[in-house]
Amino acid sequence: MKRGLVVGRYWSTRKVDSLPQGALLEVEFPDGSRLIAVDPLGCNEGESVLVAEGSVASHFFGEPFVVVDAVIVGSLDDKSA
Amino acid sequence: MKRGLVVGRYWSTRKVDSLPQGALLEVEFPDGSRLIAVDPLGCNEGESVLVAEGSVASHFFGEPFVVVDAVIVGSLDDKSA
Amino acid sequence: MKRGLVVGRYWSTRKVDSLPQGALLEVEFPDGSRLIAVDPLGCNEGESVLVAEGSVASHFFGEPFVVVDAVIVGSLDDKSA
Amino acid sequence: MKRGLVVGRYWSTRKVDSLPQGALLEVEFPDGSRLIAVDPLGCNEGESVLVAEGSVASHFFGEPFVVVDAVIVGSLDDKSA
Amino acid sequence: MKRGLVVGRYWSTRKVDSLPQGALLEVEFPDGSRLIAVDPLGCNEGESVLVAEGSVASHFFGEPFVVVDAVIVGSLDDKSA
């Protein structure tokens, strides 16, 4: 998985049916690269999250098939906690 | 998924049968890298889109199998909308 | 697989159910890039490990499905051993 | 898929059985990176091609299984055509 | 597939059961990046090889499942041969 920060939020009204509805979060990683991930947890901008990529991201949603290759799987605990 | 801009259009007359017919869109990402993606939505150059990669892109088309590893899954809404 | 060094440890209390519980290790590779991997071996910081990525990392855990795309599969022997 | 130029040709006599026989083409992409791909189309050096990567490249060949992660799926039409 | 040079050899005594036993070869690619691959061919350091990545590398070994994402699938013939 990759560790990154939620930096933005996108919507797609004109989309294929198998892309889930709702906000898509943009996550920035420490190397400056970014991904757009589906967020089943309700994360906020500035939150530190874990992103899983590839076919497991689609498998996570089970049936019916969703065309997703990146999903937020956890919010990271504060290190000082 | 990756967020990028449609920057061009390619055709392939001499191709394997399991590559879908029609235009293939070139998408450029913020880091300057590019992919060629199948476009089930009818996007235009300059449009901001979301690309899903890997085996889910092929799975999206169902049966019969297509040899595709990148597909446009949504057109991003205007942020100011 | 990729060879890297365990450099940190993360916890995620707010997570999806299919992400395994327990510590997640951060591994740094020689090129400076990092991944967060599930650790079935009980590795320590500073340990040199091997990370497998992609759908095989999820497959490794068998059923029920886990949403994991990186797993530590071995601790590397000391070269001088 | 990635768009690139065929820049070379390799043979492998000592290989695993599930790697198909015949020439393997080296394709260079605009960013300078290269891949070795199986070529079911009979492409030539200097030809502009489309490469699909990952498990779909193996799936393309059907049964029996081939251990292939990159395949040329199309030759790109001349833009001026 | 990627073309690279065998540059080292690693062993992992403390490993998960589904990682095959034996030496693991480190392969360096022309861009300087490296992978650790399982070697079913018995290659030597300095040998020019072809590496397949992803779930096909695991599939190559058949059943029972092995947690492998990179395998050497061929030794490249000398260009002058």
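Lettered A, B, C, D and E in written order, each chain numbered from 1.
In the analysis below, a residue touches a chain if its C-beta (ideal position, glycine included) is under 8 Å from a C-beta of that chain, and two chains touch if they have at least 3 such contacts.
What you are looking at is a predicted structure, and each value in this text was computed from that prediction instead of being measured.
Counting hops only between chains that touch, subunit A reaches subunit D in a minimum of 2.
Subunit D and subunit E have centres, each the mean of its CA atoms, that are 20 Å apart. Distance from the subunit B centre to the subunit E centre is 32 Å, each centre being the mean of its Cα atoms. In subunit A, the residues that touch at least two other chains are 54-55, 57. Round the ring, from subunit A by way of subunit C, the chains line up as A, C, E, D, B.
Contacts from subunit C toward subunit E in the complex involve residues 1-3, 30-31, 40-41, 50, 52-57, 59-60, 71, 73-77.
If you check the complex, the residues on subunit C that touch subunit A are 10-16, 18-19, 24, 26, 32-37, 54-55, 57-58, 65, 67-70.
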